[in-house]
Amino acid sequence: MINRIVPGIDDDKFIREKAPMTKNEVRVVTCSKLNIESDSRILDIGGGTGSTSIEFASLSPEIRVTVIERNRDSYELILKNIDKFCLGNVRAIHGKACGDLPEEEFDRVFIGGSGGNMEDIFKWMEIHLVDGGTVVSNTVTIENLFVFTKLLKEYGYSDIDVTQMSVSKGKNVANLTMMIANNPIYIVSGRK
Amino acid sequence: MINRIVPGIDDDKFIREKAPMTKNEVRVVTCSKLNIESDSRILDIGGGTGSTSIEFASLSPEIRVTVIERNRDSYELILKNIDKFCLGNVRAIHGKACGDLPEEEFDRVFIGGSGGNMEDIFKWMEIHLVDGGTVVSNTVTIENLFVFTKLLKEYGYSDIDVTQMSVSKGKNVANLTMMIANNPIYIVSGRK
Amino acid sequence: MINRIVPGIDDDKFIREKAPMTKNEVRVVTCSKLNIESDSRILDIGGGTGSTSIEFASLSPEIRVTVIERNRDSYELILKNIDKFCLGNVRAIHGKACGDLPEEEFDRVFIGGSGGNMEDIFKWMEIHLVDGGTVVSNTVTIENLFVFTKLLKEYGYSDIDVTQMSVSKGKNVANLTMMIANNPIYIVSGRK
Amino acid sequence: MINRIVPGIDDDKFIREKAPMTKNEVRVVTCSKLNIESDSRILDIGGGTGSTSIEFASLSPEIRVTVIERNRDSYELILKNIDKFCLGNVRAIHGKACGDLPEEEFDRVFIGGSGGNMEDIFKWMEIHLVDGGTVVSNTVTIENLFVFTKLLKEYGYSDIDVTQMSVSKGKNVANLTMMIANNPIYIVSGRK
């Protein structure tokens, strides 16, 4: 069977309700920055709709994704999306990072939302992110951008990459192509 | 053996000389928009450094990439990069689109540079791009953006997507993170 | 009396209803590109809320602004805004460019919306825009961008400037500064 | 005599040498955010080429601009530009903020470069910026963006505005319009 081998699930394939969602192009670049391998154990903190977890998990059946989300509605939305995509390699946890995280090792950590506990997450990663593992944080606020970048340096991460991505999408209006902006995202990554 | 399964080869891995190069994040999104499958036959028109061809070919050994480039220096640079990455599934042609293109079918066509022959390329694709196949053009000029989008409509392509992507990269200057802009790119795609 | 001498009326000072509005920063740069002088006669085609006309007219009491708008609701909204800002130097016309334009000369022409009659407007400007006068068009579609730029060249305009401006604004969310994007605008200008 | 009454001096009118320069569109929006009045006393910290000071001073002969620059070459470049524009209302100081600043009051403060002394500048402004006066900082680094925004809040400034502006300029290449990006700038302002 021939399969799509690149990330990029259409935005409208996800059940969205009211949760914010990482859009297609940003999700694709996030997969790349995470440097996902065919058997990576990935933690997704602050899952939202679950779109990033589902994108990660779709890349290979041997990938194992754990997603944690503290908001009850979002958690249930993630369950719906996992169900819709028939994925057996995503586990969802309703709870807070880091208190409700499992005592396991991860190869990759993606932070879509930190809930203000960024320093706690770095302390937790000292034990649970493997050496050489990659962490990526997508931020839309200038404060989280600053704090995450600062912590990457303080905790001695290497290969620090700060990428701002602004995407606009053409929308057909009266047979003209009107460009509509998505909000700019900072994608910041480092290697432990 | 465990492999990276997402696109995103570091820019500085390529031999660049004076040719313009599609930067990392744009190359990654281009792979996604091309919707590459594990055995796709891909044509890359206007190869530049060869970075896109190499990115495509690295995704799977069964992918077959043909790259055509009319500039002699760029053509030789592409050969050097193919050699550096030890890829057996990229074929480079020194010549012009469409006159020097082989009489073969392709599943995917990527246009990095058209040299002003955009309409010719569409005529050529009527015969050589498989039905259901995808074409992607990356343009940096407002004229090529307009012409390519117009031709997609005239030739009846579906799923037309116009994405503008502006990427800035953090550069360490005196221990501060200064944001440096890459030029904005329009990534336009359609399905035959 | 001491006065503000730079453009930049706050967006929320305008009555907006459902009409699209040129945002603060784009309006400011538009004034600059129009190279407005203290006694300029300015035509504003496709007024929307009237925000650009009001910005122009506020720069000097000797400036005379004519704004034409074909949509009845928008026309009435413009009248309300002129009234709110107590400006005696803005005249509003309910009608179409160019058929309903007065037989007068103008020093500056601003095109916020063309309704598809861009070539007609250029023909009209051959007679009604003074030599050395400036025209500026703000476009959000790739088709109007292409057509306007092409016409500037065909009609022999000089000092052609194409500027794309993408603005994001910080919004206070839970004491963090979240960046929210406005749609990207192309501001294109030329001198007759 | 009729005068240009909007900011926006062409970039190529300035003598530039090797100093970084605030580009046209950003300079124009900076004038607007500073809310300059016809008799404002303006301090420009970190003058670079002097382009912002000259833009401010050109708006009205009653405006008085003081520009301070610690780099000797840049200081001399500023003197050359003041001379070129024949402005009698700009005073240049070779020295550091805040130690070498005069014991005077200002209505507006523009910070183009802080040299790392941002908190010192806020302490100095407690005494030397009039109540109701406006401060604007243009930053290209995520650290200065964070620090300046934080200090605005800590020192109780109101009407805080965070604007990111990304400008691309069309360049004529082989009769096509290629879009070339300027680096993104954060323009942050507040009222004391």
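Note that the chains take the letters A, B, C and D in the order they are written out, and that residue 1 is the start of every chain.
What we mean here is this: contacts are C-beta pairs under 8 Å (C-beta built on N, C-alpha and C of every residue); 3 or more make two chains touch, one makes a residue touch a chain.
Note that the structure is a prediction, hence the values are computed from the model and not measured.
Student: What pair in A-D, A-B or B-D shares over half of its contact pairs, by residue number, with A-C?
Tutor: Selected pair, repeating A-C: B-D.
Student: Could you compare the number of C-beta pairs in contact for B-C with that for C-D and name the larger?
Tutor: Ranking B-C and C-D by C-beta contacts puts C-D first.
Student: Since chain A and chain B are copies that touch, is their contact same (over half of the numbers shared) or different (under half)?
Tutor: Mostly the same residues form this interface, as more than half of the numbers used are common to both chains.
Student: Roughly how far is chain B from chain C, centre to centre by C-alpha average, rounded to an integer in Å?
Tutor: So the centroids are 38 Å from each other.
Student: Just how far, in Å, is the C-alpha centre of chain D from the one of chain C?
Tutor: Their C-alpha centroids are separated by 26 Å.
Student: Using the touch rule from the top of the page, what residues of chain C touch 2 or more other chains?
Tutor: 142-143, 149, 162, 164, 166, 168, 170, 177, 179, 184
Student: Could you list, by residue number, the parts of chain D that touch chain A in their complex?
Tutor: 142-143, 145-146, 149, 162, 164, 166, 184, 186
Student: So in the complex, which bits of chain C are touching chain D?
Tutor: Listed in rising order, the residues of chain C that touch chain D are 2-8, 24-25, 28-29, 31-39, 59-60, 149, 160-170, 177, 179.
Student: Once bound in the complex, which stretches of chain C touch chain A?
Tutor: Interface residues on chain C, with respect to chain A: 140-144, 166, 168, 170, 173, 176-184.
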